[in-house]
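Here the chain labels run A, B and C in written order, and each chain numbers its own residues starting at 1.
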């Protein structure tokens, strides 16, 4: 479905003042996208929920009367006013733990998304733009990463590196970039032959300039969509790693670690099992809806059936 | 097309080798395989530790060790395991079928569900059932798989309690010893498969039903389908003869590409449900710092996925006459 | 003898499901329930059912947590708890470990086993005792089982390193092979451990088929053969019917079993379930009937919720402890060590960890003996270590010339006491808590302790890559040999490098004594000195947990290395179930 990108490509810029021309064009484009996104009800609701959740984690969390890891005298207490999410066996306040875990999980996944997107986009764009043997070699390397079950390699690497949150993030990003590079390459391949690129080339623009100024901005839609989805994927992968015992380790805490520690608690101390799980689901769910909304906004053709 | 296939394989081999070396190297760094012995109380004599180190070639430099292992792989010898009595090749071979049984059934279940729901929601776009299906699909995508599996197990037990009979099992691939009689045996195997299959299938289902829906929408929207409709062909004929076939072609590629993900999902599923498949083997091997086993595992799984991808690519060419291989 | 493990409390009501904040001693938890209720008074015979109330036939499935990759339980690779539990069903032993941790003569096999003088042991075997192929169990089997573990007779045999075999000089048969006389070069205090259930008899006549037993090479070949091959032989109540690697061991009654009680079951199955958290669910779904997982809050409560299932906890042979690493120059100062351990509140640690599911756990007060064992003496309380008395700890530091007590501790030399690291095995939630609590106590003294998990405990310990380590020792049934391994200056297991010639001499004396009472006194004296030096701080005995369907009879917990299968031959189902 490469022709789906059509709507986002601007007209060739006038040679006299390319920057200005582009800005004007891009702004109107951006406005269009924004308007479409605002109309996507599920995405907007999700965005509000996610923002509230982030505020809860980053604003309420640090202000909460208990710190992450702080041991209180109440052991295994069910939810109450003092401990809205209950406590665990040593008496750690679950509300503080879950919010702390949310912060770490978000940090890990945002780091993964940014890093993987940056590397992947660059990798894919270069491969797609140059083509030929450069493309072949670069994409074979990416393919190879894709052929390895992510969780297997991640488990092995994480076992090596230990469980600090940014190392876990690094490991996950080191595997997800290949997905992004594939998407980026596809987009670039379709853009490469478009008139405005040819025009830029005819005007003597360098390869770097064409990639940075023309290809990447135009591929932005797909990349942004992928970036959001990566956040959700990374949270889930971190959770899976924690389950296998290769994820984030104390003194760090993460939603994955919490839900893993609580896997026996389903029928006995359900508050330990459900709250961190619910937070994971809410984050992943809202992000997926936001990604969906973005996709529709950037690329309305794909989902609208003309009657 | 044959040339294309050969070229892709030829390119894949050196990269596979390089990456196997990297994996091997990382594996040797990951920890001391003698740990379980070191922790014994009483401690085994030093001579035992030395002999074990020699057996695992821990005393040799990295590159010769790797080359020796690689040479062995071509002769079907995957190197010494940390567990002296364990043959890595044999282990991989027996476990391969356990995992395949799980994966293939789960994939079929997921595909059937995904196509049904995907087509239905595409046809009824923006209906209530479309929204509901989208939401449920997204919910599955957002759920940690082992979290879901734990809930499923509890559900299975509740089901058994309600039915008043042991229909669903939570551990292993079959009862030991298996029950007598063919019918009982089939029921036993099915009872063991229900939960892991659901756990593994739901995640792929969610992604694939979304994909089918999008692909179907695009086809329904294409000029030739609209032409067919304009020519007055019945809606049903257009839908199934023209639109569905075209829409499903890309799904073959997606399914093959997702193979690595499903194999990864099996790692979790097999641990929760205690299946002795490839995934379970990998986790055990990583925990025991079993470098040879981990490297062999990754080599085998990468090979499986590469072959399947290639098959999917070639199949794609057969199904879709527009594709030409350069 | 004190029977600490017997101090169990009977079932509490439904209110026990939610633990109260004050955990310990409140009767909030239940450690014995249902069929195991009598285990408190009758640890060795609880859940017993008279033979006429047992069902003939049936199957019991028991969950074991590890695969059995090596069948030679006296080899380094095969010396695994799960393997030991399996071998007890089919390998004969002169002594069995009872639930109260004492060794009892196996009267099915033995007429007697006596220390006739300090260096001579005479084993008299029952005439009817035979292997499953009809070959009599004889002195040859004793001789072979000695040779395969002897560092001189078989230097190539990769043994588990069970103590005492190096002093054995000879095993001679007489009385048609039904008497074996073993001669030692020195007395070995723990002599009952020879040929006990952890080091059982292997069949010499089978060994002879796989190597020439007159040569070390031949013995080594047979030694390896026993490791690689699932057993086709048996001298116990069961024979191995089927082994599915990584899945299950299926045992069937041994038709040539010579013992008094014939197995009632058609099959006893040991099913490999490597993830303990899945065990209660499998038990609830009746896929297994007996489980023996490490207890933790949820597992204990989960089992309480299952109808028709009983459970029991005992205090086991593993004991948690903090270890100092004396390679750290600051930790070489005895005053600092004493102050640090004094600030540790063991009662508090128990309340925050194991006390949550077992109200019977008490601080352990000996490095050498467990409360169940003969010789247990409280050598800790008098030192004040582990009391949590922070004021006293501060006083010790001040007296020793430390400054900045309670803020930023500075050594008498004027150097600031650097930050330290306490380490524990990754994923072990209880040790994580113990580490965090330790760091909390040290903060009160002005010492910063970072909590850092390790995924490779063995290497971390032997490399000395820690300042404080929290882990567990397994108290072997041979306390005297065990103490040498843990505390001798030269021992590889003395990870923190405690060096004291005085205690070295005492440990060696205690281990090679013919007078057990004197040896016990010596070992306790060594214990007192090592405790005073504040090197290792014992915390508590780890509880063990057994849970079984109520249909199961004669199954009971055994917290020793033998595990609950010590009486596997008696396991049965209640009639009418």
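To be clear about the criterion, a contact is a pair of C-beta atoms (placed from the backbone, for glycine too) under 8 Å apart; a residue touches a chain by one contact, two chains touch by 3 or more.
What you see is a predicted model; the values in this text were computed from it and never measured.
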item	value
Chain centroid nearest the full-protein CA centroid	B
Comparison of A-C and B-C (more C-beta pairs in contact)	B-C
Averaged-CA centre spacing for the pair chain B and chain A, given as whole angstrom	23
Whole-Å separation of chain centres (CA-atom averages), chain B against chain C	40
Chain A and chain C, separation of their C-alpha mean positions in angstrom	48
Residues of chain C touching at least two other chains	455
Overlap residues in chain B, where contacts from two or more other chains coincide	31, 154, 271
Contacts with two or more other chains, residues of chain A listed in rising order	159, 245, 263, 267
Complex contacts: residues of chain B adjacent to chain C	31-32, 34-48, 51-52, 83-86, 153-154, 156-157, 160, 166, 168-172, 175-177, 271-274, 276, 280, 284, 289
Contacting residues of chain B [partner chain A, same complex]	11-12, 15-16, 19, 23, 26-27, 29-31, 125, 138-139, 141-147, 150-151, 154, 214, 217-218, 220-221, 257, 260-261, 263-265, 267-268, 271, 282-283, 286-287, 294, 297-298, 301-302, 305-306, 309
For the chain C and chain B complex, residues of the former touching the latter	59, 61, 69-70, 76-77, 79, 151, 155, 158-163, 227-228, 242, 244-248, 250, 267, 269, 271-275, 278, 281-282, 284-288, 455-459, 461-462, 473-474, 476, 481-482, 485, 492-493
Chain A partner contacts - residues on chain C that touch it in the complex	17-19, 21, 23, 277, 280, 296-299, 301-302, 305, 351-353, 356, 426-427, 429, 432-433, 436-437, 440, 450-451, 453, 455
Contact set on chain A toward chain B in their complex	1, 136, 140-141, 143-144, 146-153, 155-157, 159-160, 232, 236, 239-240, 243-246, 256, 259-260, 263, 266-267, 273, 277, 280-285, 288-289, 292, 301-306
